[in-house]
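Please go over the structures that come below.
Here chain A shows up in two complexes: once beside chain B, once beside chain C.
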Partner chain A sequence: MVTTRWWLRRAGLGVLVIWGAATLSFIGLHLLSGDPARIIAGGGGAVSGSSEQILARINEQYGFHEPLIVQYGRFLGQLARGDLGMSYQLNQRVTTVIVDQLGPTVALALGAAVLGFGLALVLAVGTAGRPRAESLFSTLELLFVSTPSFWVGILLLTVFSFRLGWFPVFGNEGVASLVLPWLTLALPITGTLALVMRDGLQRALEQPFATTVLARGATATRLRLRHALRHALLPVLTLSGWTLGTLLGGVVVIETVFARAGIGQVAVTAVNGRDLPVVTGVVLVATVVFVVINTALDALTRVVDPRLRGVPE
Partner chain B sequence: MTTVLHGEPPAGLPPVTELPAARALRRTPWLGPALALAFFLAVCLLAAFPDAFAGDPAAIDPVNAFRDPAPGHLLGTDQLGRDTWARVVHGARASLALGFGATALAALVGIAWGLAAGLGGRLVDEATMRVADIFMAVPTTLMALLVVAVLGAGGPSVAVAIAVSLAPGFARVVRVQTQVVKHAGYVQAATALGVRRRGVVGRHIVPNVLPPMLVLATMNVGQSIIAGASLSFLGLGPQASSSEWGSLLSDARDHLQDAWAPAVFPGLAIALTVISISVLGRELRLRFEGRTER
Partner chain C sequence: MTPPDALLSVRDLRVRFTTRHGPVDAVRGVSLAVEAGRCLAVVGESGSGKSVTARALIGLAGSNATVDATTMTFEGRSLLSLGERRWRRLRGARIGFVLQDALTSLDPLRRIEDEVAEPLDVHADLGRRERAERVRSLLGDVGIPDPAQRARQYPHELSGGLRQRALIASAIAAGPSLVVADEPTTALDVTIQAQVLDLLADMRDAGTAVLLISHDLTVVARMADHVAVMYAGLVVEEGPAAQVLHEPVHPYTRALLAAAPTLDPRGPAPTQIARLAPPTTGPGCPYRSRCALADARCHGELPALRATGDGPSLARCWHADAAEPLPTPAPRTVGTTTSGRRVVLEVDGVSKRFRVPGGGRRRAVDGVSFSLRAGEALGLVGESGSGKSTIAQIALGMLGPDDGRVLLDGASWSELREPDRRPHRSRIQLIQQDPLSSFDPRFTVERIIGEGLGQPSRRGAAAHRSRVVELLHRVGLDATILDRRGPQLSGGQRQRVAIARALGPEPEILVCDEPVSALDVSIQAQILDLFDTLRRDLGVALLFISHDLGVINRMCERVLVMKDGAIVEEGPVGDVLHTPRHAYTRELLAAVSADPATGRTPVRTGPTSVPEGRPT
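Then we have the complex of A and B:
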């Protein structure tokens, strides 16, 4: 019973969030940006010289002359069918633009997530229980939190691509061109996750069950990997929302640093050209991804930790 | 059996050694915050009077382009022979303005939002907090892109964009704090003594909600500087002539094969400034909460 209610509540909240994001996007599209027809006609900024006829035709084509509430209804209806509208500048459907560029971005984000998690795991398991590692870790965390990741990317590029020539300077070809972007995107995640995992491991190692396991003759390594780690991973799952946000936002900047094609580049180009349908499209897709994955991970947390199941939110 | 059972490291791993600097910082806990404060004040000084400390950031000297750091150009030069030190110093103002401006805006909006939620009754509370949920569900960078797309590129829109993504965080903390303070004994006493509601809010609730916000705001200034630099790096920030640190890095990105100095020092300026602000923020938190960290 509790589980069904939990799912219903989460699904309702998810729909609410997506609707809210869509409404924000609509407000951005229509109320704040001035005359969209002028933006389309002018290419970039608003050009005053466009003739009235052209503006009228654009208004007709995009339906800007209708009352806002009608446009809002149509906008939501299109969204429900998975249609994000037409780009102002690319003369393509926004969905097409996004789907075309999805591959490289997903490869970048997924690889970075795996790398970030793996590095954190190694660091945490290797250093838990060593008091001296404490100061090292808090210093590392401070460094990662305080260093803009695009600068870390630039430094990596300077050293490994331009000085040592180990990796391509930019582009999308092959795994070699992904190594530095992965690392850049993974490092801030590693910093925070390693700290949290290490805390959890430490706490688990102080529990009575740790003594029991060792008394049964298990090695210290086995205790860490088989027994303590499960406890340490729970707080990591609850940080998944933060991790996901960092990834989705990081992708935009990292793609620019490494001059990679992808959703991030599409978004930045669209913002510069004030191609609002593309921007809102990217934001909406990212929000949906964010909400869906977050809900799934929250559900996973409840599967992993049965203690949470009885607790209503 | 003399085996120590608790928390010993697995065999075969080298011991983690402590750096001398780390040891010095641990033994003298005031040293870190003092250094941070000194550095931060120095950056503020540079931002206030850039001309007193560096030459013209726009002075072009093509003969001396792409120089490595050396006497005369302590931090090297860029593709046009402009002095990196001069550009970094003159960029301090724009970077700090973004960080502080965005945080101040976010704090103002967030505090009003949180107070409304905390004091406005159940319905207002539920509605405003769901709105906060929606804002927080959109990843920060993407929300900022949306705002900049709507408002157009430039310093003020970047500040607004960052503020929009930070304000819900402030609102949540203020709301919780308001609810705690609302039920405190002195507030109940004031109400019982017949102080009017406006008086209770103004004299008792708000002054007790605000101090913890100072810590949150300090932490957010650092993150705002980073966010502002990131958006400038994407070409959405203040005009290039302001030589904001993020836009300096964007400029240097295109000439990495020829010079490393312009790509290193603006980033170092960001990192050191944010580190000093974070250290100060942690110190403030310790003072306010009186608890040991972690």
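Then we have the complex of A and C:
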């Protein structure tokens, strides 16, 4: 019962967040960007010599002459049907633009998330409670966290692509082209999650129940994997918002550095060309992904920690 | 001393910890023997090395520990220089271990069934069905009602008593021949204590050897066949339970027995133990600075453990034979009248309800009113779940009442908004039942106590530190533990650090929620004396919550008896404890009437007869 209420609450909250993001994008679209008809007609930056007729036709087609509130209503209506409108520049539906480019980005982000989490797991479980290894690796992890990822990307490219020629320098061909982007995107995540996980493991290993477990004849490995790890996952799950943010932001940087096609590139191009429906679309897709994954991870927290289940918050 | 058929026999056990501040000799030569079907009790004050001894017996003394003994055999095999793999084969399978800190010794993220079955998972390879069945029968064996349902629950959904029994079920799951129980009844209600002890007694009667560690002499008197008294890492007296408890020969044992809180209206005598002296180091008897009989020989040379007079006991004292009477202690001074003083805390018609899982609400506190005067000690007794801690939370302003109000020094308190309340928070401080949960395990003692004093300015740092040291002295600790962390302190040391922290901001009122229930009697006596001093010197008022009527009798002038959220009886301690009017008060009194000197109580509650379902 508490669980049903929790899900309803979270769903409501998610809808609210998505609506907020949509509204903000809409306001941005209409207040900050000048005359959209000119952007469409000019195909980008400078507008010159577009005849009044063309502008009028564009205004007619996109409905820019109607009162804002009507446009807002129509925008929300389309949104509810999953329609993000037409791109100003690509002469395609925004949904098509995004869906076409989603694949490579998902492969990049998902792979980096799995890699980042996996590396963090190995580092934390392997070194928690072993003072020497611990101080060595936490220094390394701090380094991962504090180095800007474009710099890491360039470094990796220089060494492994230009010098050694192991991986392609850019492009979207196959898994080989994903290795360096994955690594670049995963490192800051590995760094943070490993630090947090190790700390959680250590706290768990100091609790009285750890002695109980050993007193039952369990091995130190069993204590770590069957008991302490669950405790260490809780703070990691709490950080999921941060991790997602890093991933989504990182995608843009990585796709630029490695010249990969994907949503990040779509977003960069759209921002440069002031193709505001596409920008809005990317923002909304990112928001939905964020809300859905965050909710799923919060639900997972409640599975891992039974103590939270009785509490509706 | 070692019977030939002893199951476990240890000679001259020594445990040394290597710490950043040099070595700590926690155990300095302990010899023990436990036979099948018998119970050996180890008693002694906090920090005397009881838990370290127990952990050394299963090879878990700690990574910074060096363990050494002349002999250490279990089931006929030597445990000395046993490899890790061999140790694991014993742990959980042949030796079951019930840890101190019972309430935090189960993994909170795993179901009871998985916790109970872990020794089976490790040592036996059972099928799913068989495992589930075994868990159910184990839970039944330890007197947990509704085992099938309980097995699916998590530790936080069980009350303290049920958790303790689940922990015992896990310790005996693989059928060990020896069970080591470290303070198995600390922090439990008297009625539940009795059930847990009966359970251990049943196991002993069924042939299991029990090594019971306790600071509670009532518990020891009920259970033990044989008693070993520890002081400063040494066994100072040992012998048959009746002998040690009735005719103690070592001055420390005698003081320990005299310090046990009782229901005697005169209260227990403040004894020599109550002098706040830690054990003396260096050669000579470690008890010498507290001992009324100490002479030159005691200062120069450590006595050996040897037979005394004609009794079967052994004692480590030069003057054990003399059995000189200890100087009679002065009568206690509690009872100063406070009725004319100003009221510092007024609780007026307070009620509180909580939502319970599955809908509905439970009334935790129901129309409670009382007032507390400056320098007064007011007792609040009742079983767990009767609403005592909720009252404490409301008095502290950490929980708002649904009805009624709380006044602090005549001014509104419960009705204030939090920002208005915060500046006054230091005036009313809490001392908790479970100090471990309130310390960050990585903070040093200095930091824990320092936090209560606010941030030191750069120039004030030295003064800050000296204030921390002063607070430590107040609670009978010294500066050597400033750099220790929570997990490196013994149970009693931790509680004293918590008290020092609460004293930091110089509060007017201390709300003490079971402040001494985790302490052994001698430290209990010291802390209770300390509370007396604070009241007398600083006029601090105490709201003293305890399930221990002996402690309440020792400490308080007035007492409130609580049941199901309401106050059922109230009055001067002497009247309430000696001519109780309410049936519930009489029941509480009956449950504690076991006297350490007279042995086992007549009370025997069937394990399943008490409603025990409520989550805590």
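Following the convention adopted for this analysis, the second predicted complex is superposed on the first by the 297 of 313 C-alpha atoms of A that agree within 3 Å, B and C clash if a C-alpha of one lies under 4 Å from a C-alpha of the other, contacts with A are read in each partner's own complex, and residues count from 1 in each chain.
Everything that follows uses one rule, which is that contacts are C-beta pairs under 8 Å (C-beta built on N, C-alpha and C of every residue); 3 or more make two chains touch, one makes a residue touch a chain.
Keep in mind the model is a prediction, meaning the values are calculated, not measured.
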item: Touching partner for A:I293 - first (chain B), second (chain C), both, neither; value: neither
item: First, second, both or neither for A:L214, with chain B first and chain C second; value: both
item: First, second, both or neither for A:V179, with chain B first and chain C second; value: neither
item: Touched partner set for A:R230, first chain B, second chain C, both or neither; value: second
item: First (chain B), second (chain C), both or neither touched by A:A107; value: neither
item: Which of chain B and chain C A:V279 touches, first, second, both or neither; value: first
item: Which superposed partner A:T139 touches (first chain B, second chain C, both, neither); value: first
item: Touched partner set for A:R307, first chain B, second chain C, both or neither; value: second
item: First, second, both or neither for A:L24, with chain B first and chain C second; value: first
item: Chain C versus chain B, contacts on chain A by residue; value: B
item: Where chain A meets both chain C and chain B, residue numbers; value: 206, 211, 214-215, 219
item: Interface residues, chain B side, partner chain A - complex; value: 3, 5-11, 13, 15-18, 22, 25-26, 130-131, 133-134, 137-143, 145-153, 222, 226, 229-230, 233-236, 246, 249, 252-253, 256-257, 260, 263-264, 266-267, 270-271, 274-275, 278-279, 294
item: In the complex with chain B, residue positions of chain A that touch it; value: 13, 16-17, 20-21, 24-25, 28, 32-33, 45, 126-130, 132-133, 135-136, 138-139, 142-143, 145-148, 150-151, 154-155, 157-158, 161-163, 169, 199, 202, 205-206, 210-211, 214-215, 219-221, 224, 244-245, 248-250, 252-253, 256-257, 267-268, 270-272, 274-276, 279-280, 282-283, 286-287, 290-291
item: Chain A - residues contacting chain C, complex; value: 1-2, 203, 206-209, 211-219, 222, 227, 230-231, 304-307, 310
item: Contact set on chain C toward chain A in their complex; value: 55, 58, 60, 88-93, 97, 99-101, 104-110, 118-119, 122-123, 154, 156-157, 167, 170-171, 174, 357-359, 436, 441, 487
